[in-house]
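For clarity, chains are labelled A, B, C and D in written order, and residue numbers in each chain start from 1.
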Amino acid sequence: MAGNSIGNLFVLSTFGESHGKSLGGVLDGCPAGVEVDEDFIRSEMNRRKPGQSKITTQRKEGDDFEILSGVFEGKTIGTPIGFVIKNQDQKSKDYDHIKDKFRPSHADYTYEAKYGNRDYRGGGRQSARETASRVLGGAIAKMFLNKESIRIQAYVSSVGDIKLDKNYTELDLSTTDDNIVRCPDQEVAEEMIAKIDGIRKEGNTIGGVVTCVIKNVPVGVGEPVFDKLHADLGKAMLSINAAKGFEFGSGFEGTVLKGSEHNDEFYMDGDRVATKTNLSGGIQGGISNGEDIYFNVAFKPVATIMTDQDSVNSAGEEVVVTGKGRHDPCVLPRAVPIVEAMAALVIADQLLRNTAIQKFQ
Amino acid sequence: MAGNSIGNLFVLSTFGESHGKSLGGVLDGCPAGVEVDEDFIRSEMNRRKPGQSKITTQRKEGDDFEILSGVFEGKTIGTPIGFVIKNQDQKSKDYDHIKDKFRPSHADYTYEAKYGNRDYRGGGRQSARETASRVLGGAIAKMFLNKESIRIQAYVSSVGDIKLDKNYTELDLSTTDDNIVRCPDQEVAEEMIAKIDGIRKEGNTIGGVVTCVIKNVPVGVGEPVFDKLHADLGKAMLSINAAKGFEFGSGFEGTVLKGSEHNDEFYMDGDRVATKTNLSGGIQGGISNGEDIYFNVAFKPVATIMTDQDSVNSAGEEVVVTGKGRHDPCVLPRAVPIVEAMAALVIADQLLRNTAIQKFQ
Amino acid sequence: MAGNSIGNLFVLSTFGESHGKSLGGVLDGCPAGVEVDEDFIRSEMNRRKPGQSKITTQRKEGDDFEILSGVFEGKTIGTPIGFVIKNQDQKSKDYDHIKDKFRPSHADYTYEAKYGNRDYRGGGRQSARETASRVLGGAIAKMFLNKESIRIQAYVSSVGDIKLDKNYTELDLSTTDDNIVRCPDQEVAEEMIAKIDGIRKEGNTIGGVVTCVIKNVPVGVGEPVFDKLHADLGKAMLSINAAKGFEFGSGFEGTVLKGSEHNDEFYMDGDRVATKTNLSGGIQGGISNGEDIYFNVAFKPVATIMTDQDSVNSAGEEVVVTGKGRHDPCVLPRAVPIVEAMAALVIADQLLRNTAIQKFQ
Amino acid sequence: MAGNSIGNLFVLSTFGESHGKSLGGVLDGCPAGVEVDEDFIRSEMNRRKPGQSKITTQRKEGDDFEILSGVFEGKTIGTPIGFVIKNQDQKSKDYDHIKDKFRPSHADYTYEAKYGNRDYRGGGRQSARETASRVLGGAIAKMFLNKESIRIQAYVSSVGDIKLDKNYTELDLSTTDDNIVRCPDQEVAEEMIAKIDGIRKEGNTIGGVVTCVIKNVPVGVGEPVFDKLHADLGKAMLSINAAKGFEFGSGFEGTVLKGSEHNDEFYMDGDRVATKTNLSGGIQGGISNGEDIYFNVAFKPVATIMTDQDSVNSAGEEVVVTGKGRHDPCVLPRAVPIVEAMAALVIADQLLRNTAIQKFQ
């Protein structure tokens, strides 16, 4: 398996299976002098953690982490930041029933075909538990970006057919975490919670959309051919478990507009070049233009359901798989901090890349 | 500017501004022994070429290319394939009127802010002319993939609000190029063409969606954490000019489904593990599962329109920009071969990456 | 700090300061199915460990390691192998005397200038303790290469002016570890040991050369332009602390020869293309030719000596630095396993790279 | 073939076989605003060119180059710089006699084994003609580094057993090109020239050493673990055809010294931290310390000689190879600009990497 690293100058590498000894990672390239607040990291980890509310899995994972290097006297020192996150609640026996069976729409079959083996316990490396390392790395990226006044905020904008029909500019994003589904409109949030709770009682699952907004990225960030800022963001988001789609600015809806409706006219906002509208989503030609960056990420319904499904096993026999154990009826609430973490990693990386270029011209 | 290369083992690097001497690139990592058919490359280039029909720009670009290395006696020899594509129709004066002005929703402003300069002639490096190099590299990737029986076919599935409401399995993709809009349903194609023609007469532009299908990718392709197969495809598609979104399998629509509706149950198709449905889009956990891979790419309306728009100039003054010159009313027909080329590059790269791993286990 | 990773497909990333909580790393890209023998890893770690004999530092470092992921039921499963190596003997007070002073020919000054700070305790990230992670990663690489019958053996070929004047083909490399200096000629070894012991009593240090031999690398390994096999080996060796030079095959001595003396004539050894001599060192045009690969690495004398030296401090004042603590009089004996580890990592990486290419031609 | 690119942020990719249509490359990552003097590039190319004196090959290669992109109105604009160098003197028939035979100590055999084919005409991709692209890329890197006052100067310090016994500080490097062997001591140069001329008349060849000095690199350049500044320099030098060894600072000779003799004591030179001696070669812990950087590169004798040698052919038969054509009796004079070019590429890349880190701390 290659591809366990992301970034060019600000690089996160992760390791760990869900039921092995430990998860962890290395964050390489973080500049020296960033204050590292472990309480902030912990609060970010807690937002991703299972068992946080009635609409997430009741599985308990102790996300205790330890930073092993790269931080001295409370600040980064420029060296790689190694960390581990212990696995605790390793009820491997929960997984005995699917040891040789391929769960539909999971990665059981593809892993076994690719690697000739599979750590069946809780999904092994394919488990979304891997994203704990991303949230930790992303929390450090956020602390770095905070120094540059860059803010990243995500929220749940749809659950199944319940959609928040307001734009992010009409919402108070500081209220996102006031409810357990992480939707900044408290009324819609209630509907979403009820929806998920109903789905959960059915033993079923449901998908949805996370929207993310990034403010104060300076003009000029993004390498405008293959490494366009939105292309790197898209890849990072699509690398999150259960992600099925990514769109930024006007996205898929923008495809029905005419150019005259879609173009963002420029004007001067004092000394600053600004746009009257922002269907571009803060990125033009792959480079940030100083406006807010925003995008949507689609997540499919969780594959593990509590009803019988047809499948096959490692021996090539047709079998029935029955869901068991403690699983999320909907990944959306817990996906919010993961989306933010991946966004922070991409912005930090592209910010450093842009700097190298601009210094010498 | 960094980021002019894509791929890890099968790597395309491109160079060239739209009104400079020449475009070109280097394709590194193509295995030896691939037969290189220059006529096939030319036909692929012609599908992307401006001026091919009444619904594309009337600008004429001679896409004459020359392969300079890496091919000997008609076959690749394993060395890097260098190539150039001459620029011919360089009417720089067409661009005098926007020399100091930033065209709305173009990358004029962001380039100038990032690099402290701008080759204003036809967009310079930001011009979609850069994609000619991608199509050439992708044509070679296709010839490599053909040896492995892998087929890539894209088509226009919507133009503005005219949507093809059939799934790719209900269409005969061999008829895609039978019409100038590249939609494999001839009736819908007529509507799309009429739509674009009307938009063109208004001096306006319109967006749309390209769908792409990849057949016969073997099971096991894709590195399942950050370099998931769909994450690499997503990045590649989002790096195409005017792209605003990417979704694979059930995509954004899948977010309203329940797990019980969305899961692809397994069954045995003879000796082969197969799925009854394919909402996964041929990829599970970031790894191909042997089913067809399919995805959609959203394209915004072209930014250059023939009406007055408010803008600002390099001096920070508010000005009016008026469209001029020969531009596409809709990028969709010409985007089809570009989407295929980028898909071919990604599949070739991930196929090689998977091989290295599998040989030794 | 970037650059804490080495390799393209078989990638080791390391982290950790000498007096932080822990060292560690991630080995990404190791194929599935390699048997992991922790006793072998431990024995390799012990060869590098301080305090192993009278001619190495008496500092005791507990090199207890823990593999956290990537190994299931005794075998690699294809996922990244995360590991930690605890720091135990953290006598930070040993370093109080150099807290603000720059030790001559150490990296104290350059680190502080580059990062604006310095973990002065035992050298922090610049400490050769970082190589413990390399030896662990290298041990896994060796286990992978063993499956392919590839063998890597290094030994000390000179200490100061005491040089082993035999070629590796005249030596029994299985006896290298029979003495504490790791020289496979027991008589010369005695001289080297006496030399180092004398130097140690003076409070001084001495340099030397390690020779490394790699057998059974198949023909074709190495990418022949910038990533020539010997270029990658050279970089890996030069990245070891205290390394000052690298030469392969005939090396610097070969520069005085004529072509007629230097060329390796080919002959048929049964079915195998072989060379009568091997001044090429097993590599021609950057690609292995099937003969033994061999090279030398020069190491300077350790910078920490027990006598007064002129220096400056962080405030820009001229000061005197006095050596203290427990240091190696000569790095050579402990460099042997590090050279082998780095060689194993490079060969594993290039072996995988070659595979991807050869499968499809 | 992978590995036709070098650098992380300042990246040169090259392509081209010696007897194909053209060589060329892409230089990606050069900051905008560097003045590009084509006469300077030409003069650098001429220093590498065959046929420049009686002691180089009499083969004539027209090194006419054309820059195709990335330069507008005489300056770099930040976009990738594509270029081609035409092949002209393609006397393929000169190579008919070795079409199926493997020349001893050439890469004929290893290429054919690796790629299953070989462009036998003049070595194809293995030919040192590839270095023309490096010299062109390096010339642009030099123009960039000139803006930062960084100077790179190489010279021939030995030819066979004729060694220049002066240190670079005792020489006037501005006189290096005053003689055809490129040795800055005119008397020793005469001896070297006579030596090479004698060797040439014998139909034989000879090796030697190039020394390179880099002045004014600021403190802090180099990533101090795997990408140490000298490790990157070493790899770049070892990637040059015929290179057999690399050493920096005291190098192999430093291994016989004691720490007390080898350490570079610090002192204050006004405000600047300086060292009294410079056995470190300007690099400590992989990071530049502000002193001059210097290193040696060993080159073997050219493999093509005019006498009969035993060999084998593609069919596995033992044959005799006889030298023919026009070849260098000694690569050293022409290696000087190549060493400088590779040094410039490495320093430019590491300078950019360091910048990204330092901006934010």
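Here, a contact is a pair of C-beta atoms (placed from the backbone, for glycine too) under 8 Å apart; a residue touches a chain by one contact, two chains touch by 3 or more.
Just so it is clear, the model here is predicted, and its values are computed rather than measured.
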Would you mind telling me which chain pair, B-C or A-C, is linked by more contacting C-beta pairs?
A-C
Name the chain whose C-alpha centroid is most distant from the C-alpha centroid of chain B.
C
With chain centres taken as the means of their Cα atoms, state the distance from chain A to chain B in Å.
26
Intercentroid distance (Cα basis), chain C paired with chain B, Å:
46
So what's the Cα centroid distance for chain A and chain C, whole Å?
39
Which positions in chain C are in touch with at least two other chains?
1-5, 8-9, 14, 29, 32-33, 78, 114-116, 125, 353, 357-358, 361
Where on chain D is chain B touching in the complex?
1-5, 9, 11, 13-17, 20-26, 28-29, 32-33, 66-70, 72, 75, 77-82, 84, 114-119, 124-125
Touching residues (chain side chain D, partner chain C) in the complex
1-6, 8, 14, 102, 104-107, 109-111, 113-116, 125-126, 130, 158, 160-161, 199, 202, 204-209, 219-220, 222-228, 230-232, 234-236, 238-239, 241, 244-252, 254-268, 271, 273, 275-276, 279-281, 284-289, 296, 298-305, 307, 309-312, 316-318, 353-354, 357-358, 361
Which chain C residues qualify as touching chain B in the complex?
8-9, 29, 31-33, 78, 144, 147-148, 352-353, 355-361
